[in-house]
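After this come two complexes, each holding chain A, first together with chain B and then together with chain C.
Entry: the complex of A and B
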């Protein structure tokens, strides 16, 4: 009798609501990551899965691999370049946009959305042509300025720069986020500052920036985490670049698993994937603890 | 002292405003410049695209009219006369592409005359002919007469191009004044005669500029997938692509995004509703933690197991379901946004309904959702923007089925084919910008509001 009451509709109803979402979350995220770990413990054989159990040998092997070390160096370079070239532009764009106080703001912010709406592949097609050594305008401009002829995407030293550079035009959702945060700053603070004799430029550095610091930090963490996983752009631009110069960790995982040449070494690629996962998890946890400490 | 300070303020504030305007205007121009460049490149033909000194505004396309006299065959029966004219027009048109590649001729018209009466007319756009030549019916062949006419291929191509024929005369005219009065007339005539390309008697050509011809490029860019996949030797499944061309990819993307938006709104709100309103705080937080924790798992790390699951266990490799099913995962951040919104709804509304004996479904569907319109539009736009650039998974899962490709996948795959010239690729890329621009103009207000709302709440 009591058992029936325990499972009454009131008790079970919440679970009925949440079950689909919960099951799908577990099935599409938690189950695969556990399975990835499981696969990484094998010399995975796609003909006869799962293959030979080799404990942590995959991990020991990849640490010794030159391509693994290179991929991490490349990925960190991608991160550095992304932050230097593309992170600060949207902030500056938003600050200046907030200083324009008439109807043209709407037009400008509409145009600023365009980079977010340009499909990834379109951007790559466009920039691959710009960076084309023979016919692209990059060399045309470079020669006109007296810098000479470069092979850009095929140049071991320049390829990472060429892949990240398109982000310099800024725009996108980030600008609108920053703009919203700037416009949400308490009017009273701004008025008080003006009464105290604060000029426009001073206002930006002493009032606006500190007040949107929280958003800048969030965006920085998101940018970092996304840069560590970068895969689509290096794949489409150069498929890993001249001699692996633009192979990120993500791209290395892809190549190890699916590239016809590498014979589907799922065990090894899963190991690399687990290492990346732990790295990102640690970065996230560091951020969360720092965030908790500061608030 | 105050007056002086004020002057400094005004000056400094002015310098700020001026800098703001200058920087913003330059920024906006820099954003628009690549789009202009893309459009300008797609208005060119494959020769102009390779010029060493790039021109921003391409030259106006030229229209070439070729007039050929068939009077010597006037005694023949209609069928055979028509066949002769068709053969000559095909050879002449493709010869223009081959010989006069550098002249910027975008359109070729062919007039067949008998006894000073125009009886045959056919017209082809350069891109149409180039498509057939590079990867269509005449893939990898030289446009010489015997090649063009082999195996009745000329019949297929004239069917695609179209012609008008009436022995009594047709209502098409060329500018007789200007006949033979252009720079290429002589050389082209010599080429036709020396190579014995045509059987009729070459009378001459007229040349005219027409800027609209450049814009017509786009029509044939859209057809590119159609022609390419129709003529492919490999047995890839491409039926929809060969029938409809490029719009297939737009359609696929539209279906995927619509499904994603609807299912994400449904599942995320369902989960968030239970966390926010149905569970105790402790259990609710545990579930929320599970949902948010999943955000930490990078897709790259689970791509291999997910691929194996989809291919071996679910059998969704190379099927449309393979692209759609992953969207069943309720994205943690959206669950969090929904929960935040639901928390702010007044408790009394729900309690009142519960006391009245309404089932929980009623609370959710009839009351909660209609009140959530603001957050739903925020989430919808976020889902759209987030998945518009989705490339890796659809590419992995639809390797052998071009008719399942979404926009990004299709563009990438097409750009890898070497026989497709740069202006074609840029043209297709430019075409995809049209829905982008339309969406931007229509929804810009909505997008701006949604992004700011999600940012501040997050």
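Entry: the complex of A and C
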């Protein structure tokens, strides 16, 4: 009876409710990270796992690899391009949506959400047609604007841009999040600003953006994390080519592990994965610390 | 008469009982096989017959998209590998060195048909005296061309030299209808087709030392000549404009009649036909001769391999099925079935006791290409699984950047491969 009382007590019951989720998170999120670190300490032998224990030799070896350095340069470029081309679009779209005063808000919200529903693979197929140097519409537009003919995805200097550019359409859940945050701004502040003669641009820069800053920071952190982990797009667009120009760290991990001719270097790929993990963790920590300080 | 009747009755009873007797002797065993989604139904039908004759063996057949042989490595890594699988010769070396193939030498030594296999194929699945697989089919790499496009362009027959190939490609390239002269693999596994041009120019990418170690010859003049030829094809706009197109995309474009010429494995004939290409439009010929007068290309194929981490009973059962699959009757039936369906792949047979032209009718021009392949074909360059990716990157570089100096690019690739891989071999 006492045991029953104990388990049904207010202190214990909440833990019982979160326990399944906690176990799930620990097993499917944290265990793979720990296991990957463990594997990275071995010259992994898939026939007789885990192989020879080599301490941190994998880490010392990967920093000497040219493809590792190239992958990091490519990944940082992906991050820069993502921020420049795609990060601010949902904010702009949300601001536009917030200015619509009639019932069209729901219609336009739906229109902005629809691109997010298109699977990535379908998007890739569509954009490969657009970027095709032979018959793609990109060259048609480029020539019409007087810029000439380009090979787009086949050009080492343009391939990263071509992979990130489709994100310019924006849309998706981010728009809705920003819109909700903008609509949650106290109306009295906006009315007071209007009375004081605040113009549209001033309202955006001095009222709207500061009030949704918390969300912008969170989205920026998420965007950074996702950009640094980028794998699907370069894999499907170009398989990391041409000449490794779009091979990200994520794609390098995949190729090192699973390419049929890669000799399945799981120790090495795990080491690359751990380096990426720690880099992302450090960058995230820096962002959040800076944000806390500025607040 | 009575004696004859009793004998026949006894014989029938014995035949019927033989399968049951085998089942009674041997413990029931289930073996896991991965098969391709697009596998020919002939194999399913034959598996039923095999099971009737060997009732103690049952199959757990798992359908895989893509190439199950290429996925075998991942399967071993995550513990879901099949008991046996058919994989390409291209990955055999990597798999042997990774230790994920069961040695089959003992089985082979007791195999009654072992002397009826072409020695070259056995050598390709052997290392240090051990045999690690059973060759199943041989696919020579030939030179494919679209006969319909050639006829439209007024070209008679395939090109005989690199210079002719260049000229033909110019005639066949029509950007206004998205048609181009030559399919070049420039996005992945570039070393696969590039090596043929190196051989045709009279050189090689690597050398096997007497002690089994590797010497890189990326700066061999033949390599540079092949690289310059690649650049010329691209510079003159004779290849697909999208050089990130993957291997499957290239074959699809060829099947769609958008490409005049490309390297073409014999087993892709049925693939191209399944993609809608008219079999009469598929031309196969020896490769155009390079500057050294050679038409050399690789002979690939597929081979049966067994997972070393299964029980002896399962290995025995896998071996029984493999023997069935590579038997003379089976292979003869398979090619005749392909002929009945309208497209025979002009393979090089792994068995020396069967001649393809004696069991099916094939295009006479295919026969010439096959004979050339049989005389001039060879295994892929030594150490491909170890240093192939450096050549892949170098080829991608010289194709994507036409200002890149091939000698510099390949010298850098050789230095990188030496530093990253070979030191300590």
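Here is the rule we go by: the second predicted complex is superposed on the first by the 266 of 295 C-alpha atoms of A that agree within 3 Å, B and C clash if a C-alpha of one lies under 4 Å from a C-alpha of the other, contacts with A are read in each partner's own complex, and residues count from 1 in each chain.
One rule holds in what follows: a residue touches a chain if its C-beta (ideal position, glycine included) is under 8 Å from a C-beta of that chain, and two chains touch if they have at least 3 such contacts.
Because the structure is a prediction, the values reported are computed rather than measured.
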Superpose on chain A as described above, then tell me if chain B and chain C fit or clash. clash
Quick check on the superposed pair: does A:241 touch chain B, chain C, both, or neither? Answer first, second, both or neither. second
After superposition on the shared chain, which partner residues are touched by A:266: those of chain B (first), chain C (second), both, or neither? both
Partner chain(s) touched by A:47 [first = chain B, second = chain C, both, neither]: second
If we overlay the two complexes on their shared chain A, which of chain B and chain C does A:254 touch? Say first, second, both or neither. first
Examine A:217 and indicate which partner it touches, taking first as chain B and second as chain C; both and neither are also allowed. neither
More residues of chain A are touched by which chain, chain B or chain C? B
State whether A:28 touches chain B only (first), chain C only (second), both chains, or neither. first
Looking at A:135 after the superposition, I want to know if it touches chain B, chain C, both of them or none. Which is it: first, second, both, neither? both
In the overlaid three-chain picture, which partner chain does A:96 touch, first (chain B) or second (chain C), both, or neither? first
Given the superposition on chain A, at which of 95-103, 131-139 or 239-247 does chain B overlap chain C? 131-139
Overlapping contact positions on chain A, where the chain C interface meets the chain B interface: 128, 135, 257-258, 266
Any idea which chain C residues touch chain A in the complex? 67, 70-71, 73-74, 76-77, 90-91, 94, 97-100, 175, 178, 186-189, 240-244, 246, 308-309, 384-386, 388-389, 393, 396-397, 399-401, 416, 419-420
Under the stated contact criterion, what part of chain A meets chain C in this complex? 45-48, 64-67, 128, 132-135, 151, 153-156, 159, 237-239, 241-245, 257-258, 260-264, 266
Which positions of chain B touch chain A when the two form their complex? 5, 8-9, 12-13, 15-17, 19-21, 23-24, 27-28, 30-32, 34-35, 37-38, 41, 49-54, 267-268, 270-271, 273-275, 278-279, 287, 290-291, 294, 296-309, 312, 326, 328-330, 332, 335, 360, 364, 385, 388-389, 391-392, 396, 407-409, 411-412, 415, 422, 425-426, 429, 432-433, 436-437, 439-441, 444-445, 447-448, 451-453, 455-456, 458
Quick check on the complex: what are the chain A residues that touch chain B? 13-15, 17-18, 20-22, 24-33, 35-36, 39, 49, 92-93, 96-97, 99-100, 106, 108-122, 124-130, 135, 137, 140, 169-171, 173, 176-177, 179-181, 184, 197, 199-201, 204, 215, 218, 225, 228-229, 231-232, 235-236, 249-250, 253-254, 257-258, 266, 269-270, 273-274, 276-277, 280-281, 284
